Every structure is written in structure tokens, then in C-alpha cells.
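Two complexes follow with chain A in common, the first pairing it with chain B and the second with chain C.
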Partner chain A sequence: SRELLVLTYGALVAQLCKDYEKDEDVNTCLDRMGYGIGVRLIDDFLARSAVKKCHSYSETADVIAQVAFKMYLGVTPSVSCSSAAGNEFSLILDKNPLVDFVEELPAERASLCYCNLLCGVIRGALEMVHLAAEVTFLQDRLKGDAVTEIGITFLRKAEDRKHKRN
Partner chain B sequence: MADEALFLLLHNEMVAGLYRAAEQGEGENGRCTTKLESMGFRVGQGLIERFTKDTARFKDELDIMKFICKDFWTTVFKKQIDNLRTNHQGIYVLQDNKFRLLTQMSAGKQYLEHAPKYLAFTCGLIRGGLLNLGIKSIVTAEVSSMPACK
Partner chain C sequence: MAIFSVYVVNKAGGLIYQLDHYAPRADTEKTFSFPLDLVLRPHDERVVVAFGQRDGIRVGHAVLAINGAEVNGRLTADGKDVLEFLSNPANYPVSIRFGRHRLSSNEKLMLASMFHSLFAIGSQLSPEVGSSGIEMLETDTFKLHCFQTLTGTVSAAWLGGGAVTELGLPHASVVVAPGIKFMVLADPRQAGIDALLRKIYEIYSDYALKNPFYSLEMPIRCELFDQNLKLALEVAEKAGPFGPGS
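Our next item is the complex of A and B:
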């Protein structure tokens, strides 16, 4: 049941806030945990969904939004491409189930990225399919923005960089 | 079903993350277990509130324990407790022969000493649930052979 997941996540964030004073430390910790989850979740995802190989970054972003998010969190964010080069995408969530029981961030935790775990998960999962990416929160409803927006920037693969050096 | 995989992974990461932080920092192992247990405690309190909103009042302690074994366990772990024993003097033993959080680990003796870490959260879960139903309790866990636990 999703409530167990959401409540557990909330308890985890609360515990991390007690352990670490700085918001950045909590954010880093969440991201690292998310990464650990992502590298394992991708196996589960590929086994359950049997999606075929993606041939472009935009296809990958679509699969993440429409299949993965739907499967694990029950919501489907909308995808938009935000760069001409075609390697930057935004996932826009108007309903984020992880914050179902959270009303607002406490005043002393203003820069806490409550759902930073999600960024780590996406980053870890992509890395396991050999796609390096940077994933961050661009907008966050808990901080007063209208929607929650996650930005994925696909980085150039390591092989390209090697060629350039030669 | 997919949520379950996510919860399992999250739980395992939590255990690993907390112990990793303890190794680097000052905390000893005992504190990690306490932290995990208190996290489970909070979650247990919240969960039991949501589950029992519409159910009738419980007649006695045994009734509450049966609820935990059947409905609560099913909602959380998708199966019931396999065996409930009591001495009718306040001690109850719940046995689960295929504990969901331990099935992912190999069944040999190798990892037996690490198993308790994974049970701390669930102990807290039960303790929190019982407290909100009006019972003060101490919950301990014992693993003699994976993946069964008491």
C-alpha cells in the first residue's frame, strides 16, 4: 500500500533532519539513498515493464514519466523538452504522492528538498542503462511554486569525451 | 505490487545508510537500531490510525493481537502471520515463516547476524500500532533461520 511508503519516507526525512543540521546535508543524503535505490529499481522496472530499447533522450524521458512513475507512484508527470540540443527535459508533477501527508516545510528547513530521493533514483536508474544525467528539482510545490518540476539533463557519454581528447 | 518493491528497496537503503553514517561518524550500532525502531514507531502509529478508522472497537487484548496478525500484517506485508502463540499473561509470539523483508537475502547462516537490523523497523511498527490502540508494549525480534522470524 502506498501509505506505508509515504509514511516511511516521511519518518526517514524527519530522522535525517534530526541527524543533520544543514539542509544541504539532508539533501545529499537523500540523493545518495535515492541513487542506491535507483540502481536496483531499474532491474525491477525492466523486468516488470518489458519496454523496448529507447532510441532517443526524449523517448527515455517519456518512458520514465509515463511508465515508471505510473508503476511506482501512480502518477504520470507531463514531459517537456527545454533545450534546443534535445538533452534537457522537465517532468512536471501536479500531484506528488510522497508529500500527501505534508502540509508545508518548517521555517528552519526552507531549503530542504523533501523529495530529493526521487532525483537520486532517476539518476541511479539512468546510469545503470549507461545514460549519465543530472537530475534536480527546478520547482517545488512545498516551497511555494505552482507545480513540482524535476529537470533531467542528459550528459554526453564518456566515449564522446575520449574522442575529443584524441 | 510494484509499491512493495519500492518499499523493500527504500527500507534496505535506510538500514544501509544509517549504518554507513554511524561507521563514519561517532554513533555506535545500538543507536542505529534505536533510530530505525523509532522511525517504525512513528509509521506504525500513523498507519494504525488510518486502518482502524472504520473498524469496530476491539473487545480485548487478544482481539487486538489477532487484528495485527491478520489485517495489519496483510496490508503491510501482503500475507498473514503464520503462527500466534500466547501464555495468556501478556506475552505473545508472532511467527512469520517467510518474512517479506528477509526473503531477498540468502537463506544460509552467513547473514544471520545482520538480520536483526532489518527487523528493528518492523518492531517499531508493531509497537507504534499497539500504542495507538491503547497497549503499551515491548517488541523484540528473533531470527533463527532465514527467512522465518519471530
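Our next item is the complex of A and C:
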């Protein structure tokens, strides 16, 4: 039944490409849809996986990679922390099931983020557990990079940072 | 029936779902002649028995109907005051139905919001940060179990302007954002309510959240949710240490 999901996703992106001229619009639309899915998926994830509350960003990133991705997509990306402040993480996917049937992006859609839905889902889910984050694609295999890399930047950390608001 | 009711309260404290699962209590209807040997008194919007318990009519039971016609709060169906009516010997013999008053939906809404506030107070009073809040309320006739999802993280908002306290730290206001609460009222002897609460969470995430036409935080009006919830309650009752019909 994963094939049906992949095919449906492909059809969705294709239809969006027909509806919108610009790549940014398609990306925004995918992100918004993903956000709507994420805010609902988080409860399903918490109900089924019974993970305890995460106390640090790295723990959160680990849980997303090892439990959530495994549960819903069947793949386990590897996590790496890419900033000294400890609030930027990357999930590196060697295998992305959503692009199983896609070879490469068509020439006129060079800046399309095909899996932007995933970014929206992660963003929505994190927001429901009160962790504001920005999620983007740092590398994309469809655009010629070696791996697919999703970057998560946590925006605001509670209690620890003592910066004054300007 | 060992599980009495289920309440679901949203993040803002409003009741979004309520289910009563107990068998209707027996109402008692009796014919009385003057003078009435029960002591009645007004309570809130109803007339209740204060003293003179007998024959299945207990203290606390409310007057539900007089001569077959349902009373409307403290007035009879004709609009006369109940206590006045019953103190007039000309109206006897009279048949009065007593029973346990069932909560109206407004009352349930109010009580759910009150519990939500108490829950918030409970979490704040905790000496440890990140408390789970009130998990169980125990009385002699029932136990209330509560499960809150997405235990609120504390987010600190720093007030601008460089204002500092004596300790040299900027002023901060602390906000705890709670999640959805599932409450189950059950018999004190019923076991396995924790598992039931987790199951209700799963059912909610399946049939309410995945329903594309259900908006978050709104009252839950999904047939599938109702059906599956009732099934889960029945399973939990059968599995408990006491069989149904205790």
C-alpha cells in the first residue's frame, strides 16, 4: 500500500504544477498541506509510540528520525547536529520512498521541492508540541545532490537563552 | 456499569465531547397524602429531598415530576411553585416522582471548564517542573482519571525594555500551554483505566483527527468516534476485576 501513497503523492504534485505557474507557489502549497497533516499526525504519533516528553533538541531530532520516520515512511534517516548553538539539525535520507518513481525534475521546475510536504508535516507536528522550527530542504537528490537532507532549525528555546528582546 | 462517563476537554478548557455510560438510575414514583413526611428544600434550580429518606427515595433526589407532569426546575408544569403546591392540602393525594437529577449540558460545560482550571492550578503548584497535573481524583463513589496529551512546555516570554529585577535578570512571564484532556469517571474498583485512557487517545487520533471535516478544538461529532469509544468502554469493563452490572 506504500505504492499507492507514492503514486497519490506524485499525482498531487503534478496537479499542483498544473495549477500554479511558479515553483515557489507549489512549494508553499505543499508546505501548507503538510502543516495541516502535521498538526493532526502528531497526536496519532504520540498515541501509538508512547514516547516520553523530549527534553532537548537533539533528543527531539533523534525521535523524529528514528521513531516517526520509521513508523510512517519505513526509513530511518541519520541525524547530525550542524550548529554550535545546538538548535540546527539535519536529517540525511539515503532512501526517500516518496521519490521512488521520479527520476529527476523537469527542466522548467528546477526549484521545485518535491517533498516539501514532509517539511510542512515536521513543522506542524513540532509546533503542536510547542517547539517552533523552520524546516527546509538543504540537499535534494532530485536536484543532483548526493543525498536528500532536511534541515530543522529550532527557533526559540525556553529558559536557557538570556538574550534581551530588541 | 463500572465506567460512568467520558469527558474530552480541549486546550482552551471547553468541553468537546461527553458520553454517559451508566444505566439509568431507577426513578421512584409514589403517591402521598397530606402532610408530606419528606422534607423538601430548594437547591439551585431544583427542589430536593433534604430529610426523610424512605422506600428508595434518598436524600439529594430531586423532584422530577408531579402527577405525571414533569416539573420545570422549581415550577410545576402549570407554572406554580412546587413547594407552594405541595404545602396546599387541597392538592393531595399527589403522586411525585423522585430521582437523581441528571446534569444538563450547560452544567457539564461549566464543570469541565472548572476542572480544567483546577488542573492548571495543580500543575503550577507542583514542586517539580513539568508535572503531569492531576491524574486521579478519588471519592468514595467514583474515581476520576485524567490524561493530558502534549504536556505543555514552558515558554518564557521576555518583556522588552531592558527592565530587570533586583537579581539582574530580565522580567519573564511564564506560559504553560496545555494539551487535550481525556477524563474518565469510573467505579473505584475498576482497573485498567490508564490503558483505557491511552486507547481513547488512539481512537481520538484515528477517528476524530483523521476525519478531514473535523476542525481541531471543535466539538467532536463523528459517528465512528462514538462507536469505537463505546466498544472500548465495553472491552475495558469486561476486562476489569468486576464484571458488568456491579
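Basically, the second predicted complex is superposed on the first by the 156 of 166 C-alpha atoms of A that agree within 3 Å, B and C clash if a C-alpha of one lies under 4 Å from a C-alpha of the other, contacts with A are read in each partner's own complex, and residues count from 1 in each chain.
To be clear about the criterion, a residue touches a chain if its C-beta (ideal position, glycine included) is under 8 Å from a C-beta of that chain, and two chains touch if they have at least 3 such contacts.
All values derive from a computational prediction rather than experimental measurement.
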item: Partner chain(s) touched by A:138 [first = chain B, second = chain C, both, neither]; value: neither
item: Touched partner set for A:71, first chain B, second chain C, both or neither; value: first
item: Which superposed partner A:128 touches (first chain B, second chain C, both, neither); value: second
item: Partner chain in contact with A:3 - chain B first, chain C second, else both or neither; value: first
item: Which of chain B and chain C A:40 touches, first, second, both or neither; value: both
item: Contacts of A:17 with chain B and chain C, given as first, second, both or neither; value: neither
item: Contacts of A:53 with chain B and chain C, given as first, second, both or neither; value: second
item: On chain A, the residue positions that both chain B and chain C contact, one per complex; value: 40, 44, 48
item: Contacting residues of chain A [partner chain C, same complex]; value: 39-40, 42-44, 46-48, 50, 53, 128-131, 156, 158-159, 162-166
item: Chain C to chain A touching residues, read off their complex; value: 130, 149-156, 158-160, 162, 169-170, 177, 180, 198, 201-202, 204-206, 209-210, 216
item: Of chain B, residues touching chain A in the complex; value: 2-3, 5-7, 9-11, 13-14, 16-17, 21, 35, 38-40, 42-43, 46-47, 50, 75-76, 121
item: Chain B-facing residues of chain A, complex; value: 1-5, 7-12, 14-15, 19, 29, 32-33, 36-37, 40-41, 44, 48, 71-72, 101, 117
